[in-house]
Amino acid sequence: MVAAGVLLILAAGTLAVALARWPGPADRAFSLVFGAGGALTAAPALAVLAGAPPSELRFESGIPGGPWVFGVDALSAVFLLAIAGVGVACALYGVAYLRGERGARAVGLAHLYVALLVAALVMVVTARAAVPFLIAWESMAIAAYVLIVFHHQHAEIRRAGLLYLVATHAGTLALFALFAVWGAGATDLTFSALAERAPLLPRDGGVVLALGLVGFGVKAGIVPLHFWLPEAHAAAPSHVSALMSGIVIKMGIYGLLRVLTLLGSAPAWFGWILLVLGAVSGLLGVLWALAQHDIKRLLAFHSVENIGIILLGMGAGSLGLAHGSSTLAVLGFAGAALHTLNHALFKSLLFLSAGSLTHGTGTREIDRLGGLARRMPLTGVAFLIGAAAIVGLPPLNGFLSEWLVFRALLHAGVGGGGERIAILGAAVLGLIGALALACFAKVVGIIFLGVPRDPAASAAHESPAGMVRPLLVVAGACVLIGLLPVLVLPPALRAGRLVAGVAGGVVAPDPAAPPATVFMLGLAAALVAGMLVTRRWPNRDQIAAQTWACGYAHPTPRMQYTASSFAAPLLALYRPVTGVRTHRSAGAFGTHAIDPVLERVLRPAWRGVRAAARWARPIQGGRLSLRLIYVQAAVIALLLYLLLEGRTP
Amino acid sequence: MTWTALAALGILLAGAPALPGIAIKTKAFLSGRRGAPVLQLYYDLVKLLRKGSIYSNTTTWVFRAGPVVALASLLAAALLLPLDGQAAPVHFEGDLLAFAGLLALGRFALVLAGLDTGSSFEGMGASREVTFASFAEPGLFLCLIALVLATSEVTLSGMLGGSLGAAWSRAAPALVLVGISLFVLLLAENSRVPVDDPATHLELTMIHEVIVLDHSGPDLALILFGSAVKLALFGALVVGVFVPRAGLNGALAIAVLLAGIALVAVLVGVVESVMARLRLTRVPQLLAGASALALLAVILLLR
Amino acid sequence: MNGLSEILLLLVVLADFAVLGSARLSTCIRTLAVQGLLLGLLPVTLTPGLSAHTAVLATGTVLVKAILLPWLLTWAIREAAVRREVEPLVGFIASLLLGSLAVALAFAIAVRLPLPLPASQQELLVPVSLATVMIGFIVLTTRRKALTQVVGYLVLENGIYLFGLTQTESVPYLLEIGVLLDVFVGVFTMGIVVFHINREFDSLDSARLTELTD
Amino acid sequence: MRLIALWALPALAAALNFAVPRRAARAGRWRVASLVLVAALHLGLVATIWVRPPGPALDDWLAADALGLVVLTLTSVLFFVTSLYTVEFLKRGRRGAARVFVTGLLAFLAAATIVALSHHLALLWVGIEATTLALAPLIFHRHDRRSLEAVWKYLLISSVGIALALLGTFFLATAQHDVGGRPLIVADLVARAGQLHPAWLRAGFLFMLIGFGTKMGLAPMHTWKPDTYGEAPSPVSGLMAGALTSCAFLGVARVTEVAMAAGLDAFVQPVLLGFGMLSLVVAAVFIIGQTDLKRLLAYSSVEHMGLLVLGLGFGGVGAYGSVLHMLNNGLTKGWLFLIAGNVVLATGTSSAAASRGLVRTLPVSGPLLVVGLFAVTGSPPFGLFLSEFTILRAAIAAGHPWTAAAMLLLLAVIFVGMAALILGMALGEAAPGATPIQESRWLVAGPIALAVAVLMLGLYIPAPLRDVLARAATALGGSAP
């Protein structure tokens, strides 16, 4: 079933290239087949989440590492849903988004690579053996790279692509090491075999977990391994950024969850590390986001923030594993899984809307926009929903998953053991939420409200239906998930139980789900009702006038608050941790952000390596006699070795 | 849910608009003036509801939705508080987050409504509002966490209800700290002195007031009522912490609550008359201080 | 065990030093020819009875190492009109010292590596061959002219070949012919290249060949 | 019989080509035709060996064992591909160069075949020396100063190295003295390994390692490699990097086989690991900030040679990894050097600074270059990933975690260097007015075929190859994963 879906998706990509000569049919065929493939992929995932037994598919391949196994269990299912849903949305959006570039660039190829990327993603979450997993993993990375450098005529995009490529390849090498350590001396590298070897691992799996933290951490963009993320997301076409931020980076989370599932246990220190990293990523992510002026870079940093929230959940879960508290473990992992899914939805929603408004205005500079809610109403609504969701406001899906994570942390607190300190994570969650609110108040307010700050914005037009429709669908999904905890929680908990290694297929219903559902529905009803009531308020006469500027006669657009000035007070207060430079001029105030990790650590380090290499260059001087001396040196060295070893045969 | 809970809620909402009046009255009394009547806000509300409203032509539906969402979210939040000292009309595990989330929702709505006008004053106010909120939020969460640790309960109803009494006998100092920092948060969240001055008329110094500068008529009425309710809710929170009322029967519990809230309002008035308003740059320090108190409480409880 | 081959081996070492010490290319080449001749004689003296194998080997060796190669090198000198000086990077005295150092090292190693042969065989053979190899290396690395480097390579080759003589009965001579052939072709190509080098750079100074570098 | 035909055929063809004078009328076309024909026949013969393995010939001097068969097949495939490439390549080249070129190639094929088949170590040496000499004139193809310098360095350094290998061979013969068994026949050496004279065996191993290591291009004897690969015509560089290095590795493998059989693991492995890591380091140092595509590939070849000996050094599944890696690396290097050749044909130089946006201007070669980057850096799903991964597993299993860590670190650094250079050439906006070139089929067919093969080896290894690899691994004292 899933296999068929993957094949259809690949077929869609091939069609897009094959029919390149006839754009119309090509687009229709691509959308149709791709959609069908997505549906086929999602169906079994839903079945498994509804309680169907996990399926498995295995066949022998002649290559080292044992048989290839693929399968769908609750954990894969959650990610499969995200991949299928967001993947289809982004692919269809991409059709409309790239239509304008036909002729200039190989649009068909772009669609093909989107298909490849999604197929690889499906393989990643269904693979049940090391080798196919690694193959799928790197295929995903490479496909993503090709898409990121789609506009490779721009130097900065090439740089961003290279940075991403290097980062992800380094991560892959760490994964090589992970599986090499885990499968050391074994012939069979299937996950089931690895799970059996788990007890034999050194430092009860510590090495493997550390390697996983590096390898998967790079992909997930955990601070300080996030450095590639904003660059790449800003460089890619918007529907690709949506895929990257929505799903691709989640594969890092999936990997860690899968490793924990296979290990079946985790040392306490790992849980604490996850919590600390989660807190750091969450806070720095949102603070750095506040400092951005490029809407896509800003959203990218929010991905770092949300990865932090997910890590908080995983940290709580791991602590549950370490201290043998299954409630804690289930809640934590379930929260992580659900937030992954939710973030996939609302973050892709935000990126797609950002793409739509870039498409409509031709700029990504927040400070040049404004008043788009009037000119691009649908995009505005979609973006607003996404913003409310990512901030974690009820009654949207973001709240639901943060609520699970929150509950996990509270449980850690009421638990008797050493894990109680974890409850402080809840406060961090609160702070992150407040900062995110500040950030998105800025984004929504400056971009969509007020009046245009720039001709580009005043000339804006709503995007074609092909782009808007996917937006509204995803937005609808965000609302529905938020409103119906009673439907959403059981599957999430099922995934959580799988990772937590809690035996027994039957999931105990979550007592909190029904009242929460009632409450959310009630709240939604109240909001809607309130609006309707105030619309037709008795005997109210409404006067349209100019904004009250406290006596000032003619307020001009330039008098409006800008993103820079909006975020300035916060950034000033958090200056020590945010790498922000402020520059004032007579008539303008601006800030620009630099990434401390990249600018202050990595680039200098790399410069050092290059300097060292340049210093060693003369070794390869042109002199022949010099080179012969090397040979002679080798001979003499070996002779000495011979004499020394020779003594003791 | 119990009827007493609903009754308590009803009474609270009805009485909320009196609280600002009480505060102002206290202030006037302490400065030896007669001051406006306690029920002034009721009159204002009625008057505003009758008026029409002016909308800036830069605004969109977001501007109109603001007040409604703000009020609705506050009412919903009110449903989560165990006003009768027993249990809230709605309660579920981790509903503390829902409480905080609803407050945030209201704030988000108002801030966006303010930004919708495109006025630099509203922009300024919005910026300050979210900035200070980001300092108040950890304080609130730490207070709730402290309560969770003190009572080992994970619902508002639980931790402000039955097991609070036992907690007082076990961890009084921590709870006192929590109460104090909640009171500071109350001042901040409701834009009272020393954080903000509701009586000021200089837009540049305003925080909350300046956001709603462009609202008029029924919209303004909703906002004013909303802020009164917010004050009442925080009052109920403070009282809930200081006075465990699980033992008392419904009517008495409610009476105690109302008295307590009134007392809080008086305290607010006192503070306003003895303190001056802080410089804006000092506000974060105050809020951080409140958070620090709560953190101290948490540490006491974790130890 | 016969004194004759003893003497021949000593002469080989002397030839090495002569190459190290001689200031003129032509002298080097002549010494090389002599060394080749000695190598040709050694199999005869080493193996008791004169077998067809040794005969062929001896003739082949003399033909290639004592006649063909020296002739080739002199041809190169004449064609390329090379200046006759050796132009070492390291002074003659120094290189002689290095050479004696090499000999010492060679003997040291040879002590550790006793030949698993009947005592009738030479115990001088191993040290001499190793010494020749090392001295070949020294010439290779301390001389500037491309042609002298070829000479050095040949000395090194001779050393190895000398060691090969211990294996006369184990390694079938067909192979030794192959070896000789390879060496010859190798040096032949080198000669051609040397010729080209001189035409291109109008000098044999291989130290000028430093264009290709990182 | 086939074993003899395999090398006699190209040898005769070479002689014939050399006999026909340079200026003979329309000779060029016939030469190329003969080249392709011989290559095809050779490939066919090799195929028959897979189907029905022949017995040893010439009293066990020649035999097609697992290890040799892999090298032979690799050589034959690469040679066939290269011969196809040569068809177009010579048309573009200097007039009248065909005689030397074709003769050299055929002679190389003969010699390489002898190396792959010979089970007599001295014969193996002769073969390798012959390959060295056969290719020398081809490096001089361009007849300019740079190529001259390259060929001089190549000749001298590899001749010295190979001479040391001869010395090592003699040592080995000495070690075999009064042990009995036919001298220097691999089978007998292995059979009686236990009784070999240990000191001489050790010495023999070390010197053969140095000698054949020089031909492989292990640091610090690698110095001829960048110059030679950089200056030689690309197809020749491809043959050297793919086939010649593999032949040299076969030499190392043979003597390692003997040493392992004699139970010298503890003595052998540190040396192999040392050379391996040193090669990785040197490769990394010179790949960072490299400015020339072909020199980059040369250093990448140094890197992979290092991985080969590392695999041998780790033992266990490492041996399997090495043999597989030799195969993958050979195919990939052939692929990349032919692409580099196309770049040079199109832009006139292999310097990175000179070309931008190749993916647009060379619609086939450009993308193949980028894909090749991922293949050669061992990214899944290409064959080199599997072999490198296997070697890594061997490192961990053999208890060398820190060596493994260093290896991975260096691989990462190397990846950065290679990606920076190759992507810099492939992406970006091509020079103004540059239009996509219609590439000749002859020039792209080979690389495409090799790419497909490398990809296939990463996903699926056919059963016969699988078991040949397993046998080769066991011969080298290792095991199949």
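Going in written order, the chains are labelled A, B, C and D, and every chain counts its residues from 1.
In this text, contacts are C-beta pairs under 8 Å (C-beta built on N, C-alpha and C of every residue); 3 or more make two chains touch, one makes a residue touch a chain.
All values derive from a computational prediction rather than experimental measurement.
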Review point. To get from subunit A to subunit D along touching chains, fewest steps?
Key: 1
Practice item. Skim through the chains and flag the pair connected by the most C-beta pairs in contact. Key: A-B
Check your understanding: CA centre of subunit B versus CA centre of subunit C: separation in Å?
Key -> 100
**Study point:** Between subunit B and subunit D, centroid-to-centroid distance (C-alpha), Å
**Key:** 77
Check your understanding: So how far apart, in whole Å, are subunit A and subunit B when each is placed at the average of its C-alpha atoms?
Key -> 36
Review point. Taking each chain's centre as the mean position of its Cα atoms, how many Å separate subunit A from subunit C?
Key: 69
Exercise for review: Spell out, as numbers or ranges, the residues of subunit A touching 2 or more other chains.
Suggested key: 617, 620, 622, 624, 628, 635, 639, 646
Practice item. Could you list the positions in subunit C whose residues touch two or more of the other chains? Key: 112, 137, 140, 149, 206, 209, 211-212, 214
Check your understanding: Could you say which residues in subunit B touch two or more other chains, in rising order?
Key -> none
Check your understanding: What are the touching chain pairs in this one?
Key -> A-B, A-C, A-D, C-D
Study note, to complete from the structure: In their shared complex, subunit C is touched by residues of subunit A numbered 617, 620-625, 628-629, 632, 635, 639, 643, 646
Exercise for review: Report the residues of subunit A in contact with subunit D in the complex, numbered from low to high.
Suggested key: 61-65, 131, 134-135, 137-139, 142, 149, 152-153, 155, 158, 161-162, 165-166, 169-170, 172-174, 176-177, 179-181, 183-185, 187, 606, 609-610, 612-614, 616-617, 619-620, 622, 624, 627-628, 630-631, 633-635, 638-639, 641-642, 645-646, 649
Study note, to complete from the structure: Residue positions on subunit B within touch of subunit A in the complex are 50, 52-60, 62, 64-65, 67-69, 71-73, 75-76, 79, 90-98, 100-102, 104-105, 107-108, 111-112, 115-124, 126-128, 130-131, 133-138, 140-142, 144-145, 148-149, 152-154, 203, 213-214, 217-219, 222, 284, 295, 298, 302
Revision key, fill the gap. Residue set of subunit C touching subunit D in the complex reads 112-117, 133, 137, 140, 146, 149, 153, 156-157, 159-160, 163-164, 166-167, 170-172, 175, 178-179, 182, 185-186, 189-190, 193, 196-197, 200-201, 206, 209, 211-212, 214
Revision key, fill the gap. Within their complex, subunit D touches subunit C through residues 120, 122-123, 125-126, 129-130, 132-133, 136-137, 140, 145-146, 148-153, 155-156, 159-160, 163-164, 166-167, 170-171, 173-178, 183-184, 197, 199-200, 203, 226-227, 230-231, 286, 290, 295
